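Listed below are the structures to be examined.
Heads up, the next two complexes both have subunit A, just with different partners, subunit B and then subunit C.
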Partner chain A sequence: MDRLLPLVQNETLKIWRKKRFYVVVLVLIILIPIFTYAQMRISQTNAQNFKDWRNQVMNQINDYQSTLASDSVPEEWKRYRRIAVQQLQYYLDRDVNPSTPDAITFTRGFMSGSVTLFYPLLVLAIASDLVSGERTTGTIKMLLTRPVRRWKILLSKILAMMLYVSLIVVTSFVLCYLISGVFFGYEGWDAPVFTGFDVSGAQVDSTNVHAIPQWQYMIMQGGLIWFSSMTVALLALMVSVLLRGTAASIVTMMAAVITGTILGNMASSWESAKYFFSVNLDLTMYMNGSPPPIAGMSLPFSLTVLAIWAAISIVVSFLVFTKQDILN
Partner chain B sequence: MENKRTSSDTLWRVVGLAALLSTALLVAGFGYAVKDLVWPSPEHTPIQSPQAELPAKKPLSESSEIRITAIGDSLTKGFGDDEGQGYVKQVVAMLRDKWGIPVRLNNNLAVNGLRADELAESLRTNKGYQYTIQQANLVLFTIGGNDLFQSVTGEKASEATGQFDLEKLKAGMPEGLQRFEAVIEQIHALNPNAHVVYVGLFNPFYEMEDLRVGSPYIQQWNQQVYDILHRYDNMTIVPTYDLFENASDLYLSSDHFHPNHLGYEQIATRVVQSLR
Partner chain C sequence: MTSVTDAPPLRPLTEPAVRRDIQPEKVLSVRGIKKSIRGKMIIHDVSFDVRAGEIFGFLGPNGSGKTTTIRMLVDLIKPTAGAIEIGGFNVHRHPEEALRHVGCIVENPEVYSYMSGWENLEHFARMQPGIGRDRIDEVVAIVGLEQRIHDKVKTYSLGMRQRLGIAQALLGRPKLLILDEPTNGLDPKGIKELREFIRSLAGQGMSLFISSHLLSEIQLMCDRVAIISHGRVRAVGTVDELVAQAGSYVVWQFDQTEAGRRLLAEEGVRLVANDEHQIEEGILAPMKEPIVAQMPAGRIQDLVEKAVRVGIGIRSVQHVAPTLEELFLRMTEGESIG
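Coming up: the complex of A and B.
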């Protein structure tokens, strides 16, 4: 173990010097103001149309109820709407604003909305060429001719990767909070959020619902995002071990991630799709009480599926990396 | 070389420490989230009604702001209006012109196909309904059409094809009126200060010979509604039946049941005429 830490240090600095993390920060700095602006426009319209948030929530409930009354709306959508109505009503009955206009609420929405596509993309920026990059530049030979066991090299890469995944999640939070705060105000830490809605049935079961302050909600949500991002990162590492080119591994991973998003939108009738990792990436839905895309999915289920995919990636990565012949 | 080494060390210390702390925080958050979701400790937040300040009891034209809440069925929703305004939004615009004071639509909570018993239930239990009624100094509503026509056809009003059974229509009337009275009592209990305008029923089938016989019953409904409303000095019914007797091709939308934009405009004009 005594030689692992220097290896992790080495890998961490290598990633830093490749300036990938700068790219991540840059992308965030460019994108967040765009979303913030869009949200601000929506808030302004709402402020114009509604006296206070209760009127706005009532209007939203009424809109959903109108679709429920319509015969041409598919039953599947109606289920989502019915659940949304019951949750909004739960907030309204307790006189709690479901979306207070402040930077924390915006950041919560931004992070939860980014978990299926945007975080995987940012993670891939760092994880995709951990091994294939060394092959492309030829440095893999230097690395492997040093008197260090191969598994230790791979382990140090995984640890460095984990550090960066954590950095990405925390940095995105900090940047989003700082930027959106300019428009919405740096408040909302203590605003209550309800969690624990059971949406597995036709009706929302609110026996386990409880309020938690938003700061705590953010940490919990961050943890869930971290877990799904780590799964993506480990898969990307495996792909990066298996494929030679960095471009090829990015494309492969992005295709897999996007497939999950599309499947999640349309595969409610194809149940086995729930075993695919990217259908399970959005762990935050279990916190905010959105119904999962496929019946039978739950937090333990999704965690298990993601953990199995991650475990397989680790095993395959180690097996292949330690045995692989380095040609060219 | 020495210099480079120390700068590397500093970078590693900063990045490494920040990343390590982040990881610790996120792993803790992950653990807590799993614990909280899998083994939740429910703690119920008490139900709490938002209290809106009731408006002062005075003529609308002397208020500093007109705040409208609309409830009811498809007529209040504005079904059939291609411009999506219905009579409610047209009333908003007309009142704005009339007195030059700000007019705000709190909410239009109408739902297509709503019956009076459902509306009474919402008014009784739904905190959001209560709140928005309490905010208003003008309440606009239509209800009862679905109660009456459902007692005839057993289906939604929009699906009534003309299989009219007058006996059923007559038989369904007392129950419908009872429900209507419950709605009125709820509105009055919630907000006795607001001006309340009920838009009367009309017979959309007047021009069909064999369905014209239903019209007296519709009038009977309106009469009974008036009997209920006249007990409250802040409530009134606006008649609409005459609009759809001769000029139904002008004022009805393509479903021959709901008014079109022009029809709603006539209704809105009448609503505004009744207000002071």
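Coming up: the complex of A and C.
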């Protein structure tokens, strides 16, 4: 272990000096204000139209219900709307505003909305380059001819990657909170959030629903985002070990992630698509009670699917990396 | 071509030793290695030993399997068959123990261009126990990079990268230093400095394994040499032995070229037409009307005297070593090889 620490230090330093993390921060700093502004416009419009948030929620419920009556709306959508109506009603009954305009609520929404595409993208910026970057520049030859076993090199890379994935999740939270707070105020830590909606079919079972303070909700959500980001990172590592090129790895992984999002939207009729990793990336939906895209999916199910994909990636990465001939 | 003139010269550690002690102890032992890549046999049969304190040349034309062999020596590629031992440890079964004794540069000196030279050395120092700041200072001084060591590597010339690569390779005080075509891309001054530097390292008891496709280079640097072509070692021996086997040319320049040519022919000297010999172009190009002959060295004295007697002025007479290609040609023709 004492020999591993300097290796992790090396890998961490290389990612840092390559300025990969700067890019991540830069992207966040540019994107967050854009979404903040958009949210602010929505809040302003709502504030003009509705004096009270209760009116706004009721209006939303009415909207949804009228689409339920329409024949032109696909059954799939109706299911989502029915569930949303029940949840909104639940908030209304307990006199809790489901979308208070404050920095924490905004951050919560931003992070949970980013989990399927944006976080994977940020993670790929770091993970896809870890091994293939060394191959492209040829430094892998220096790295692997030192008296250190290959599995230790790869392990140190994975540990450094874990560190940066964690850092991405934390940094995105901090930046989002700081930037959006300028417009919405730095409040909302203790605002209650309902979690535990049990969605089955179009029915919402609210027997297990309980309110937790928003800060606690954020920690749980952050953990889930970390888990799905880490799965993406490990897969990206495997792909970059196999493909040897950074660009090819990023394209492949992005295609896989986007495929998952599209499949999730098309959904339902093809049930075995639920075993595909990227359909399961949005773990936060289980917390806020959105219906899963495919029947039979649940938080334990998605966690298991992601864990299996991650485990396979680790095994394949180690097997290939420790055995492969370095020819270029 | 990149020059190294922007960096101070590589300084020999000690005065180049006149005679070095070559120990019988084998630092590197290669036994019957073979390698096939995607079903194609690339290395058929390579065996040789490198002894402690010797400069061992690995000579072969491009594409003969030099780099593939070197990659196997340092565990970048696993051989299909055969065994490689460094310091008594099998490289592929005990890479940590074996590679502890090796410093190497495979092909180009590849270092992290986004870090400074110093950070690169720190990076590689962390990969081996017992290498501290003072050792980094030491190797930087050895390769003479003190002035630029804290600059980003992307601002370095090829020659400086080469030095940094060597510094990196020396960090762990290796018993064996492997350099793959080290003179590639260096200017003549840089090549000369490198040669002296390599000799001084060997003078301290380090073994060096140097690959090249230039016979002249190996001749100038190495004690022993293995010659490889088409994935097979054709010969292993001292450089002088091998060159002697290949024979050499004598190139004459007379002030009356035609008369000179007639004289040589009359004396039964075998003259070689321009398209028959394989002397490197660069050697003959600056000569005015050279006459290439194949003859025993002992006859030169006699022929010079005869020429003087008949009044043919002699501008120059010189030995020219055959090219590597020629050496191969003769070896593969089935001549006996020591």
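Operating definition for what follows: the second predicted complex is superposed on the first by the 327 of 328 C-alpha atoms of A that agree within 3 Å, B and C clash if a C-alpha of one lies under 4 Å from a C-alpha of the other, contacts with A are read in each partner's own complex, and residues count from 1 in each chain.
The rule we apply is simple: a residue touches a chain if its C-beta (ideal position, glycine included) is under 8 Å from a C-beta of that chain, and two chains touch if they have at least 3 such contacts.
Quick caveat, the model's predicted, so the values are computed rather than measured.
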When subunit B and subunit C are modelled together on subunit A, clash or fit: fit
Subunit A contact check, subunit B vs subunit C, more residues touched by chain B
With the two complexes superposed on chain A, say which partner A:N265 touches: subunit B (first), subunit C (second), both, or neither. neither
Contacts for A:T45 in the overlay, against subunit B (first) and subunit C (second): which applies, first, second, both or neither? neither
Using the touch definition from the top, say if A:R54 reaches subunit B (first), subunit C (second), both or neither. first
Kindly classify A:R146 by the partners it touches after superposition: subunit B alone (first), subunit C alone (second), both, or neither? second
Touching A:D325 in the superposition: subunit B (first), subunit C (second), both, neither? second
Subunit B versus subunit C as contact partner of A:Q9, first or second or both or neither: both
Report for A:A69: first if it touches subunit B alone, second if subunit C alone, otherwise both or neither. first
Partner chain(s) touched by A:L92 [first = subunit B, second = subunit C, both, neither]: first
Mind computing the angle subunit B to subunit A to subunit C from the CA centres, in steps of 10 degrees? 160
Identify the partner contact of A:S200: answer first if only subunit B is touched, second if only subunit C is, both if each is, neither if none is. neither
Aligned on chain A, what is the least Cα gap between subunit B and subunit C? Give it in whole Å. 6
Footprint overlap on subunit A, where subunit B in one structure and subunit C in the other make contact: 9, 13
Residues of subunit C touching subunit A in their complex? 37, 71, 74-78, 95-100, 102, 104, 106-108, 110-115, 119, 123-124, 126-129, 168, 172
Show which residues of subunit A lie in contact with subunit C when the two form their complex. 3, 6-7, 9-10, 13-14, 17-19, 137-139, 141-149, 323, 325-327
Residues of subunit A that touch subunit B when the two form their complex: 9, 12-13, 16, 50-51, 54-55, 57-59, 61-62, 65-66, 69-70, 89, 92-96, 162-164, 166-167, 169-170, 192, 194-196, 207-212, 216, 219-224, 226-227, 286-287, 299-300, 303
Can you name the residues of subunit B that touch subunit A in the complex? 8, 11-12, 15-16, 18-20, 22-23, 25-34, 36-38, 40-50, 67, 77, 104, 106-113, 126-129, 131-132, 135
